[in-house]
Amino acid sequence: MKQITDLVLGEHFTAFFVARRKEIKKKKNGDPFLALDLADASGHIDAVWWDFAPDLFGKTETDGIEAGDVVKVAGHVEEYQGIRQIRVEKIRRAKPEDQVDLAKLIPVVELDRQVLWQNFRKMIDSLANPYLLSLLRRIFDDEALAKKFIDAPGGKLWHHNYLGGLMEHTLNIATICDRLAKIYPAIDRDLVVAAALVHDLGKVDSYTYGPNFDYTDAGRLLGHIVIGSQMVAAKINEFPEFPGELAMKLQHLILSHQGKLEQASPVEPMTREAFILYYADEIDSKLNAIERINKDERPRGAKWSKYVNLLGRYLYLGEQQQK
Amino acid sequence: MKQITDLVLGEHFTAFFVARRKEIKKKKNGDPFLALDLADASGHIDAVWWDFAPDLFGKTETDGIEAGDVVKVAGHVEEYQGIRQIRVEKIRRAKPEDQVDLAKLIPVVELDRQVLWQNFRKMIDSLANPYLLSLLRRIFDDEALAKKFIDAPGGKLWHHNYLGGLMEHTLNIATICDRLAKIYPAIDRDLVVAAALVHDLGKVDSYTYGPNFDYTDAGRLLGHIVIGSQMVAAKINEFPEFPGELAMKLQHLILSHQGKLEQASPVEPMTREAFILYYADEIDSKLNAIERINKDERPRGAKWSKYVNLLGRYLYLGEQQQK
Amino acid sequence: MKQITDLVLGEHFTAFFVARRKEIKKKKNGDPFLALDLADASGHIDAVWWDFAPDLFGKTETDGIEAGDVVKVAGHVEEYQGIRQIRVEKIRRAKPEDQVDLAKLIPVVELDRQVLWQNFRKMIDSLANPYLLSLLRRIFDDEALAKKFIDAPGGKLWHHNYLGGLMEHTLNIATICDRLAKIYPAIDRDLVVAAALVHDLGKVDSYTYGPNFDYTDAGRLLGHIVIGSQMVAAKINEFPEFPGELAMKLQHLILSHQGKLEQASPVEPMTREAFILYYADEIDSKLNAIERINKDERPRGAKWSKYVNLLGRYLYLGEQQQK
Amino acid sequence: MKQITDLVLGEHFTAFFVARRKEIKKKKNGDPFLALDLADASGHIDAVWWDFAPDLFGKTETDGIEAGDVVKVAGHVEEYQGIRQIRVEKIRRAKPEDQVDLAKLIPVVELDRQVLWQNFRKMIDSLANPYLLSLLRRIFDDEALAKKFIDAPGGKLWHHNYLGGLMEHTLNIATICDRLAKIYPAIDRDLVVAAALVHDLGKVDSYTYGPNFDYTDAGRLLGHIVIGSQMVAAKINEFPEFPGELAMKLQHLILSHQGKLEQASPVEPMTREAFILYYADEIDSKLNAIERINKDERPRGAKWSKYVNLLGRYLYLGEQQQK
Amino acid sequence: MKQITDLVLGEHFTAFFVARRKEIKKKKNGDPFLALDLADASGHIDAVWWDFAPDLFGKTETDGIEAGDVVKVAGHVEEYQGIRQIRVEKIRRAKPEDQVDLAKLIPVVELDRQVLWQNFRKMIDSLANPYLLSLLRRIFDDEALAKKFIDAPGGKLWHHNYLGGLMEHTLNIATICDRLAKIYPAIDRDLVVAAALVHDLGKVDSYTYGPNFDYTDAGRLLGHIVIGSQMVAAKINEFPEFPGELAMKLQHLILSHQGKLEQASPVEPMTREAFILYYADEIDSKLNAIERINKDERPRGAKWSKYVNLLGRYLYLGEQQQK
Amino acid sequence: MKQITDLVLGEHFTAFFVARRKEIKKKKNGDPFLALDLADASGHIDAVWWDFAPDLFGKTETDGIEAGDVVKVAGHVEEYQGIRQIRVEKIRRAKPEDQVDLAKLIPVVELDRQVLWQNFRKMIDSLANPYLLSLLRRIFDDEALAKKFIDAPGGKLWHHNYLGGLMEHTLNIATICDRLAKIYPAIDRDLVVAAALVHDLGKVDSYTYGPNFDYTDAGRLLGHIVIGSQMVAAKINEFPEFPGELAMKLQHLILSHQGKLEQASPVEPMTREAFILYYADEIDSKLNAIERINKDERPRGAKWSKYVNLLGRYLYLGEQQQK
């Protein structure tokens, strides 16, 4: 099925999109029309539906459509003042029987998720500490969890906000921790890598990951750190021979990985490994966020990004538009 | 056995104390003597041991004694420059077979702990919500836990830093929550009272409560909030019919009860009840801390306390010395 | 006279409203029309005036109307795209001789203000300390002041932002202080209750309380704390036998009741009573603000409020839509 | 009477000092002796009293002496390891009938206080605005107040911590405001100068200014800003024709002169004059504090001061030791 | 050539403006028209161009025009709903050969820049220290630099945001420092005045000062403090006899003049002169910002400014509209 | 020559030490003796000099000795109450002709400095960008600079506070940046590695590195960031073909490497490479500080460090005493 970036001017098509915004506007003659912002994984495009009209009961075919819904659209592409837009012919909410593939509609990690997953399993297998190796395998051998983990986004808006983002982020952090452990021999490599692999596990239950990423109730009320810490605690409880000291250190790494109380970590790093994990997390989040800004928030041709509120500054992205 | 405040000038006695400080000083003739600060639940007093002397191997009878140890002392009370002190005749570390009653040696809550415990159970019994009632009973019917809970201090230094302090603090907070729920009908009284009763449960495993209160490793590395939240989670897991929404709200109250991320709560209050619990905790901690300051850090006859670092101010305690 | 929530589709009526917003828009034919947001104590509604037209001198009948004015409107209710609006037939600013009852136009405390006032007087009468009792009576026996106090809002936007809000807020705080004094015997109950009753007295001169609540010049330049503190000081000055120590403590409570310098208290709580008053104020402000958010800033059917900037979070309001 | 800096080695003298520290130490033979730190306006010096001995009742002649007391000492100057000290022969607390001149015992502003006072009155007389001129004259014509104002220190420790310091500081600030008003014509010169002259008036009742400067109870519980604001309010109340707008602006300047809420100003500067007064206060406090540090906290021969906690840095004072 | 404030209703004119905003809107018949916000040094005005139309290739005559460009406009003034606007007849981007005088198009300091420059040179000549005198002369004798300095704005938005603003600001600060040096004899007058004269020198390379003030890349990536510090360092390097101690002190003043690390000063004031320079900078920036707010952000007839975000407050500007 | 850790009980020796502390104490008979804390690179030890005595003029042989001096000591090792100390027989300040090797007296980096230096040069040679390669070679080919760089400490107290610490720290950071550049292809590897190699260059002129590390005047007044930035700027100025854009980016990395304004960086990271350099610096500083704490501030046998003020927490160092 056509993706937005494939659409050709004049071409008629039928496709599924996420309706990111929906507004009723007025034509010159005062009649209402529907203006939409439609998106799929490849990008987004404005759309108009001129034949939109309430029936006798004030109801319209699009009444059920809310921002965030998946919709099925028949239409064609036209150009208005030099900008392409979709002229909608028919539109309705997607139904379960449409079996829409979300991964086509919302952004997905660039690398193949199965490849990432294999690399992720290899990173687990690299653990020499038998307790950590067993624990990690038990956690990720759970197929339901693995499925969620492979799909989960790494964040709502700021970084890794796409399907598979959590896995990509996790693997990057584990890699950084592994490299740093080679430079600093006092670090317990297996502990920090294992902790990296589960540090954001709670995120699988903290986001809804339908067409719009949002927080679950538990994601907001409990936070992904405590959710993840309880998931790991439950697995360790099933594993009586797991050393208490090791469990405590691992939990400390999960709990402290955001580095500061005001970043919602209930404890701050107190071990070498906890500092390493925190910095690795910072590096990967920041660099991923910069690439997102580079792609989405850089005025065409500009060397500077728009003002980035979360950082309180502009970013200098340089000339390299090709990247 | 004699308490420090009962000792009479000249009287010979044998008693157990906590050695809070131990120092080797020099007599005028250059010989060493031992200076101690001895404490029991009633107060503390300086002590000197003149006959302290290393043997041929440089060892002395007090070598094993470290600050924080319980010691058995035979001696009498003398006065030096107007201040009473103990002249030690014999001293040794306490042994297990001495069966020392810690509650005589370290400060204990003023009210009878059994009475407090009965009131605490009554507060549990006041819960009308059957899930919360059952949950709370299951938690506190565990005798090992109840024993620890009845003894635990409420804090290390700042407030309720005495045996039974945790129970007293918990009961006060539950009482305040109960009173406030009467003023604000939108509050779910049973939810907030139940949360109050378990909000600091993790403290039973966060402090060592021998002669000196200190943090356990887990107390520091995980924090009492997460420890307590996991204890409650484990009990709820044994209780499949417990409503998920209620469990989530209860956990939210435990996790957010310190009110602010920078106070080590991983989430901040987002429900009416969470705000109430946070304020009740603030009120009881602050008022208890003020009474401790009134007792311990108020120069004799002064209307003002010493400078209180944690508050960044002096406290005006007024004329009421009798209190 | 009709309130907004009573208006029936098609019905012709004449009524007074507050014009919260006034905008000149364009019809399809390019002619201007007037769009208004009209409010009374029961709610608000959009309104349009199609016959709006400048005269030869560019003046219109609505020229004098500014956002915030009380207007007299004749019109009827119609529906536009499923939303009710008022079609204005005649509109003019209200005149003094209209004798508009503001309490019908702007939100008023739910409970009857006369009942609140009687309860307030009873709380004064409950003071056993004769100096405080006399002082409080003198202050509130002043009829001009009492009249303003009974009407004053408790705040501009955040909490108790309706007529009578100040009295309701004050009475709640006094009640909380009274309850807490029962739990903590070291508290001087009469002092803290008396202080609660006057803690926000300066607010009677800090807000304009016409159709829009706003700050007076003095409200901004001096602040309600200092204004109130000077009002109480002036009354005490008329009362030579009032004990100096008691006056100082009472003033300290008024000055410190916002708890922190950065909350505009020129001194921070240094007495037990000052802490209690501060917490009681926090509790009542927060709970009232939450109910306002629950009513006004909760998307229909949602369990969560909109993002609350002042708290930096969403609030979980749960399922209880009926409330 | 001799000042400390005039004392000659070996000379016998009788003089009054402030006993800044008093300690009981032990001689080599174990007998107690008294070690004192004695100060007058010219400096301070160590003193020892060898003949100190408790009587049969454990009382000594110095029992009544507390740190901060004025004492009468007879003795002579000796040298111990190259450092001069006083060998006390007799010592007792000063009595009212001694009529000690405090200005000899505690630091006093360098310039003559009568000259400063005349300059201060001239600055008042320079006001062209008749209301401000009358108001300021009424305030400072009060002889009791003037007497306190002429003596009062400008601060406890940080700046102008000497008799007359308040007047010197006040006059400097008024001078700076006057100069700045010449550069910025939008400034109301008389308003800002008048406000400068009373901005710290509350300090006359905020410090005890006996041998040690300390806060009064009101100084701590109410703060000098509110005390001063109430003093000025009371004077304005006696003066019915004083324009309300002018009174409000003047009060705003007094209340906001510390510039920031967290510096205990209940409102922040909102007028041009309020900003000017705030900066003038900052400049004079900082420069005076630097001179104090230059004199008292600069290691001999060093170009750098000791670490200044309040500023969080060292100060570079350069080579100019002569200054 | 006509300035905006000179334009007369109905008059036809040709003039240059800065196009601050450019938008394509729709007429009632659906055709596009161009709406502009045109500015020159005297003010700004809305403009419409009805005859705007894309050619066959979708290009229009205004395609090259971007917000911020200087444009040449022929048109006349009309009135729409009581507000004057320009009806554009012809419009094009300005060309180099138009030799537009920017000083007519963007705001310029009120005083004559040549007079300011002479006063500035006089301030340099007032330096008695021969090294500082020579250094300052060498710096400002560089004609290219002097030209930029005479034109440069003092800031982008907040204060002195007009041509010549940097020179005006610099001269004011030097004047304040000179006055304060008279009050505090410990200050090295020549050092602080010289530092004042170069403190913001880096701003000449930190802003683009075409029609819109914006940061240069270096202005953002290095900051004006470091740029200026390196400019001065380079001049001192050409001047081998310049005393090292003096160079270091001068550099310290440049680097620390924003007073606080969080204000982008890499070091904080550590000398008397550095504090003075910092306060002088604060005073002049704040007072200039207040006058800008007074002129631009004060609702007509209001005594209060709009809310000033950077200050977190409203400003009370009083009745004096004439100013 | 003997190092402190080699000294044998009873052995007579002559050696050089740093006198870290010098105090005059009293013997039992009242005579003064000298107590010293002597250190060399291997550790430190207490020392006493009993024969210390002032001559007739109150002068003693040790009068010139100040804390921080290098001293020549003849003496032997004795034991006092189980602790070894040096009994001094002769002591004097070291003279230039003693040609003391500081590297024996103060702590030195563990790895051989010549090996580190070769690795450092190899890292330079790994740069492919010809401009950066040439620039770095020019900088470090300067022998005087290289000599200082090889010896310089990385910090005064917190991290790498030993000779060679700067080089070790620099090389670690360059290594981390190199590794991270492999993980994130968008990073300009040569830019970030080159910046890492010079990021702390200014430290060579910011510390005195005699027996005690301390700041130079310029180190405090200008800061190592600006000093280093000016050193690099001067080298680039000698190199006219160096691309301006590259120079600006490199300078941005040097200036922003402390990551935050409040950490004394005058600009904050705005490029990918600047973030990477900042995190690499954080990681290496923190890990080195932890090892210092592990060695110096860990009570014997404890799993926890002492409280670390700069981090506001205890560190959990675990059981691994062997490390």
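Chains: A, B, C, D, E and F, in written order; residue numbering restarts at 1 for each.
The definition used in the following text is that contacts are C-beta pairs under 8 Å (C-beta built on N, C-alpha and C of every residue); 3 or more make two chains touch, one makes a residue touch a chain.
If you're wondering where the values come from, they're calculated on a predicted model, not measured in any experiment.
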| item | value |
| --- | --- |
| Co-neighbours of chain F and chain D - touch as defined | B, E |
| Touching both chain A and chain C (chains) | B, E |
| Selected pair, out of B-C, B-D or A-F, that shares over half of its residue contact pairs with D-F | B-D |
| Distance between chain centroids, defined by C-alpha means - chain A, chain B (Å) | 45 |
| Mean-CA-position distance for chain E and chain B (Å) | 62 |
| Chain B, residues touching no fewer than two other chains | 28, 217, 220-221, 249, 252, 270-271, 314, 316 |
| Topology of the chain contact graph, where touching chains are joined (line, ring, star, complete, other) | other |
| Pairs of chains satisfying the touch condition | A-B, A-C, A-E, A-F, B-C, B-D, B-F, C-D, C-E, D-E, D-F, E-F |
| Residue numbers on chain A that touch chain F, as the complex places them | 172, 175-176, 179-180, 183-184, 186, 249, 252, 268, 270-272, 275-276, 279, 282-283, 286-287, 290-291, 294, 311-318, 323 |
| Partner chain E, residues of chain C touching it in the complex | 24, 28-30, 32, 54, 58, 217, 220-221 |
| Chain C-touching residues of chain E, taken from the complex the two chains share | 28, 81-82, 303-304, 314, 316 |
| Chain B contact footprint on chain A (complex, rising order) | 217-218, 220-223, 225-226, 229-230, 233-234, 237, 248-249, 251-252, 255, 261-267, 270-271 |
